[in-house]
Structure formats: structure tokens, C-alpha cells
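Take a look at the structure below.
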Amino acid sequence: MSLALNVDSLRYRYQQKWVLDNVNLQLEQGQFYALLGPNGAGKSTLFNLLCQLLQTRDGAIDVAGHSTLKAPRKALAALGIVFQQSTLDLDLTVQQNLEYHASLHGMSSKASKAAIERELARFELIDRKKDSVRSLNGGHRRRVEIARALLHDPAILLLDEASVGLDMPTRDSINQHIRGLCESRGITVLSSTHLVDEVLPEDHLILLHQGKILLDKPCQQALDDEQVGGVKSLYRNLTTSGEAA
Amino acid sequence: MKSWILPAMMMAASPAMADIAYVSNEKDDTLTLIDTDALEVLQTIDVGMRPRGIIFSHDYKYLYICASDSDAVQVLDVATNKIIHNLPSGEDPEQFALHPNNHHLYIANEDDAVVTVVDTEKRDVVAQIDVGVEPEGMAASPDGKWVINTSETTNMLHWIDASTQELVDNTLVDQRPRHVEFTKDGKTVWSSSEIGGTVSIVDVASKAITHTINFKIPGVHRDKIQPVGVKLTNNGKYAFVALGPANHVAVVDAKTYEVLDYLLVGRRVWMLEFANDQKLLLTTNGVSGDVSVIDTDDLKVIKTLKVGRYPWGVAVKP
Amino acid sequence: MKYWVAFKGIVIREMWRFWHQKARLVSALVRPLLWLVVFAAGFRAALGIAIIPPYDTYITYDVYIMPGLAGIILLFNGMQSSLSMVYDREMGSMKILLTSPLPRPFLLVSKLVAGAIISLLQAYAFFLIAWLLGIEVPLMGYVYAAPALLITALMLGALGLLLSSFIKQLENFAGVMNFVVFPMFFLSSALYPLWKLKESNEWLYWVSAYNPFTHGVELIRFALYESWNPTATWVTLVTTVVFCGVAIWGYDPKRGMQQKKKPSK
């Protein structure tokens, strides 16, 4: 089975400092991966490299089998991204925002309409289709962004701190939606967060700390191996420098 | 009163041969000939010294030219464009008028305060009439009854009875009257006052001023508004007034005497003449040395052509 | 086909955004109209001695500055578009554009063309109002002006894109605008004919003659009067291509701004 994402010996330097240091990842199809790390760990840099906003020749990235160096456009086409900051046009309607994104992926108007209906239905936003984004609350906006990222049917969905700034019930709802995606669509999800309590024991946990991968295994297994009760303790044990989570 | 259609190039309505405009160039001692269809200069002809007033004989066989410094009126044969002879004129002839009878030429002699009447066929002086100081403008009424002369310093219109060649009456107008023009029906005279900055409308029957037109151009100082040449359309619709250093031609409604528009032309616009069946109006712009062409339907200046130095008068042969 | 869909999508988005910011249209028009009315009223008299092509006769000042004011609309909108790109970058919308699987140069050029189309609409709105104020050009001139306006708008938009690549923050951009926009406008043939500049100061004349904005304005002026100015056309075309090239190169994440940006926390 081909990997949804294969990162090989990835290193990235910024101003004399290695922001990412020998990162290796193999993500399989249809799985949910939680990427945990404090601020400054290099999560966003990793995401920027995956979606080619940054470039490096130090290591290789293959998205759904397409190399970002040799087939960069195919690699991008297989990705869906939700950025940490909102990237919606506030003045436009939900539908207009989605149509724009679909056109950027070369989707015909027929395909785009169908995809928009499908995703908005999934996220229960059909009745907000014609509303201006400005009138939506934070939670709804996030859902729109996730719906948008899925329009072109990507193999892998990247979420950069998707639930930041949202209240508890909204966060739970969003997280539920996201985890459901893997099951229903067979899509691979890589969701990054700095909040320990966002990681569930059934997730596959990847721990990123100061540019290095400290852990890459199913969360429950990690808890058992380290003989700790919660992810927080797991985190503390592994990060010897004692930085707070 | 603006038309909505903007012609890029003026095409004569009638497919007949183009009119030719003859322009006298005061400083170059030449005439410039212009094709009024193509709006191009055709040729330049040498004439006498300081050519100013020019008019055609009523059959367009001859062109009479006031060659002021040569103290003569030159006669140009239109067929050959050559000067064939001179006519006696008195000293320093500037403007003149040809009586409807086609052989009496009334010439204003600026320095001598007289009007000299010359017979063009016999080529001799018929009469000399004493008028006011510095006579300049001349016009003959369409019915041949009157010839009017303006005297610049005495600010008067002098009415000359054409049958007796006698000065019969005078009308006081505004300062420095330079030019007079009869309407087609001969009932009214338009007279421009250069320093006064006005145009006076005079009733021929009563010889009294019935109306005075004032001019005001935004952005142009009133001292610069010095009306000189006046031309009226045959249909009684418009009157055009050249405003000298104001660099504009005023468009006046000939019935209501209301100024409708001011058209920008070259510098120190002096005299005017129609061409192409009154569809075009040509203006001589003394200081800038060019002739501007105005479309009289659209009331727009369509072109300005370079001619000789200090163009003074213009006459058009259909 | 994919390219056409994406191009259409980018243009439509710009138009929607412009539609939602009607205040932008009004302010874009108020500036040049104010100039037209105020300056023109002051300089009613003829424009000096020489009659320069493409004019056939003497013109009033308001007629002369019309193409220049159309040019300033394009200039301001070009800068405005790039300002919105800096904003987009800060707000994140640019990321959506840049993570499209289509080639980056194509995306950026599409964005430029979209901006140029908006500029064009603003210019025509200006022409309409000028026409109502009594300043007209030959009818076909309005048609011929379209390609002239488009090329000039592209050139100025590309300049904006170029500048935005090297500006990091919204606040800095305003300053750059003052150092670029106003000198470009004043040292050109927009407000006074070049021969008049030459009379007063040789240096001013040379700077203005080499200013690509001058050539854009002259291109528009000649087109409006149904004429063609070859020099202006070539200079504008070449400058557009050069500006576009440098701007797109500047947007490449290997160089330019993106790399200098600190990785977000």
C-alpha cells in the first residue's frame, strides 16, 4: 500500500538554526495522525514545506507518491490544507469562497457545484451557503475552511492548529468531524496542535520537539510503553528540557 | 447646444470640388492657399507688401488684395493666380468692401481719415469721402444702398449713401470699432468694438443700437477680449466673433444675441470666413501664424494649420 | 481548460471583492475628478504655442490632462491591488492562491490581469464622468483606448506586485507608495507636455522622458485620439514584461520575501 505521506530526512534551517532536524514520517492511508508539539517546535514550518510555501533540497517529501521536487503540482493537488490563521475572504459568501478555491484547482463549474453541495452537507452548513463569511462565528468559519480543503478530494488533509481560538464544545464538534473523515472517506489526516488534551488515546501520536521527532506511534501504545496515565506525563517524560506543554 | 456626434475628419457634404481659401500673411507678403476638403496647404503665392484685407469679386474671377505698404490694391487673376494689375487706393489701404454692383470698391485709408471709392473696371478713383479718424471697417449692404465705414478713434459708424457717395449719418458705438457686417436680409448690422470688448447690434432703418453683446470667458482676463472679425450664417442661426488675444471665437445665437460657447483657436484670432457652404469657418490666428478650422454644425474646432507669419484676412473661393 | 477555469475564478474573485468595496471606486474617481475640475478651471487658457500630436488643434488644459488622470487611476489601482496582496499575505488569503496546483507564474499573472481589468473599469467610469463634464474624445477613441489602458494597467500592477514582494508589512507599504506613486505621476507627461518640462529644466525632462508611466500615458492619449505612438507602445510593453518577470521571480519562495518571513509559532 502506498504511503499517503512520506517524509525522508527532512531538514530546514532558518537564520543559523535548524528548525527541522532529520524529520522522517510515513503516514498511511486513511489514518488520523496527531502532531503534538509546543510553539516553536517546527510544526508550521513542516506544514509550509509540505504545501511548498517553503522549499528545501535537504531531504525528500512525497505526497501520495508524488515528489515535491519532481512533481510539485501533483503533490499539491493531493493535499488539502487548513491554515492556522483564517484564509477566508470575509466579504464574500461561503459559496463564493468555495467556488474560488475549486476554480484554483481547475474544477469545472459542474464538478465544483457538486463538491460544494457535498462538503457543505457533511458539515451541516448548506443553509449558510449564501451568507457572508463575516456573519459566521469562529466555529462555523473553521468548518467552512475544512469543507473548502476537501473540495478537490485530496488524499491527505493537513490541519495546522485547527481548533485554536475556539470554545470547548466547538472544538469537540470539529474534532469529531475530523476524525470521522478518516473513516468515511479513507482520507489521511495530519492534525497539529500544542494542546495536550486534544490528543486522544486512539490517535496515532507524533511528537515534535525542537525540530526533532521524539515519538511516532499509536498513542495508547506510547502510554503503555512509558507507563504513564496521560499524554501530559508522556510529554513531560520525553521532553527532557522541561519545557511546559 | 453640443452635438453628440464627433467627426474625426471633416468631409464636405457636397461631392463638388473643394473650396480654396486664400489667406493673406501680413509679415511674409504672401498668400497661403488651403484646400478646404483635405484641410491642407496647397501653395504659397508672393504678393505685394503687407497684404491685409482680401476679397473676391462677386464672380470669383478676381481677388483684390490690400497691399498696405505698397499703397495699392492688387488684383489677382484667380485662374492663373497671378497679379495682373494694381488699382489706385489712396495711402495705406487696410480693409475694403465691394459693392454688389461688382465694380465699386470702397477702401478705408487709415492715415488720411478718408474712404476712397475706386471703379475696378475703369481703374480710377470715383470719389473720396471724409470720415472720422482712423477709418478701418467697411461693409456694403446687400441691397446696395449703404456702405458703412467704422472710424476707430472717433468710435463711429459712418453711413455712406452709395448712390450719391455722400456721408449721410453717423452712429456712436463702443470704443475702437474695427469691423462691420450686415445680416443677409440687410436689416441689421453687427459692429465689433475692440477696446470696448463688445459687439453692437445696429438697426439699419433707425441707425440706432438695439443691443450690445458682452463677452466673458472663464479664466481669461477681460482686457484680452478684443472682438474683431464677425461673420453671420445665412440661415440666421449663428454669429461668430473673433476675440483677438482672448484666443477664442465666440458663438452667438443670432436671434437672441446670447453667447452660446467660446471655441479655443490660435493666438490673436483676427478675421473669419466660411467655407464648404458655410459648414466650416476658418479663422486667422495672427500671433501663432496658423488658421483654425471650425465645424459649424458641431461647433468644434477640428484642425489648426500652419500658414505664413501673421495671417490677417481670409477669403474663400467655392 | 484547467487554466481557463482558474483564470476565470481569480478574475471573478477580484470583481466580487471590488464590488464589496464600492467606497474604493468612489475614492478612486474622486481624486482625478477633483484634479480635473480644479486644475482645469484654473488653467482654462490654451496650452501654449506648439500643437503636439495627436491633437490637431489647440486644446484646453482639462482636455490635455484627461489621459494623465486615467493613468493615475491605473497607477493608484495597481498599487492598491498590491496593497491588497500585502494584506492578503498578512491575512493569509495569498496562501490559498499559492497552494494551488497550477504554476505560480500563471497564478500571479492571472492576479495581475484581474487587477488590470478592475483598473480598466475604473478608468471607463472616469471617462464617463469626464464626458458628462463636457470633455470628449472621438468615439472610436474610447474603443482603441481599451488595449492601451490594459497594457498600462498591467505594467503598473506588475510594479505594485514587484514592490509588494519586498515590503513585509502593511505599514511600510504606505510609505513606499508615497515614494513611488507621486514622483512617478509628477515626473511624467500626465500634467504637462514634455516640451514644456524641457523648457524649464533639462534634468526634469530626461527623468520624465524615461519614466515608463509617461509612456503609458502617451499610449493612452494617442489611442484616445485614434492614433498610435510606437515608442510609447514598445516601452510600455517591454517594461510590463520586465516588471512581471522580476515580480514573479521575487515571489518565488526560494528567494524574496517568503523565505525571510519567520516561521510562525
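Letters A, B and C mark the chains as written, and numbering starts fresh at 1 in each.
In this text, a contact is a pair of C-beta atoms (placed from the backbone, for glycine too) under 8 Å apart; a residue touches a chain by one contact, two chains touch by 3 or more.
Chain labels with UniProt names: B = PQQ-dependent catabolism-associated beta-propeller protein; C = Transport permease protein.
Computed from a predicted structure; not experimentally measured.
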{"item": "Innermost chain by mean C-alpha position", "value": "C"}
{"item": "Per Cα centroids, the chain farthest from chain C", "value": "B"}
{"item": "Chain centre separation in whole Å, for chain C relative to chain A (CA means)", "value": "40"}
{"item": "Centre-of-Cα separation between chain C and chain B, whole angstrom", "value": "49"}
{"item": "Distance between the centres, which are taken as Cα means, of chain B and chain A, whole angstrom", "value": "88"}
{"item": "Chain C-facing residues of chain B, complex", "value": "2, 6, 8, 217-220, 247, 264-267, 288, 290, 292-293, 301-304"}
{"item": "Chain C-facing residues of chain A, complex", "value": "14, 19, 39-40, 42, 44-45, 48, 51-55, 73-74, 76-77, 79, 81, 83-89, 91-92, 96, 99-109"}
{"item": "Residue ranges of chain C in contact with chain A within the complex", "value": "1-3, 5-6, 8-10, 12-13, 16-17, 20-21, 91-93, 95-103, 107, 253-254, 258-259, 262-265"}
{"item": "Complex contact set, residues of chain C against chain B", "value": "41-46, 49, 51, 56-60, 134, 136-140, 226"}
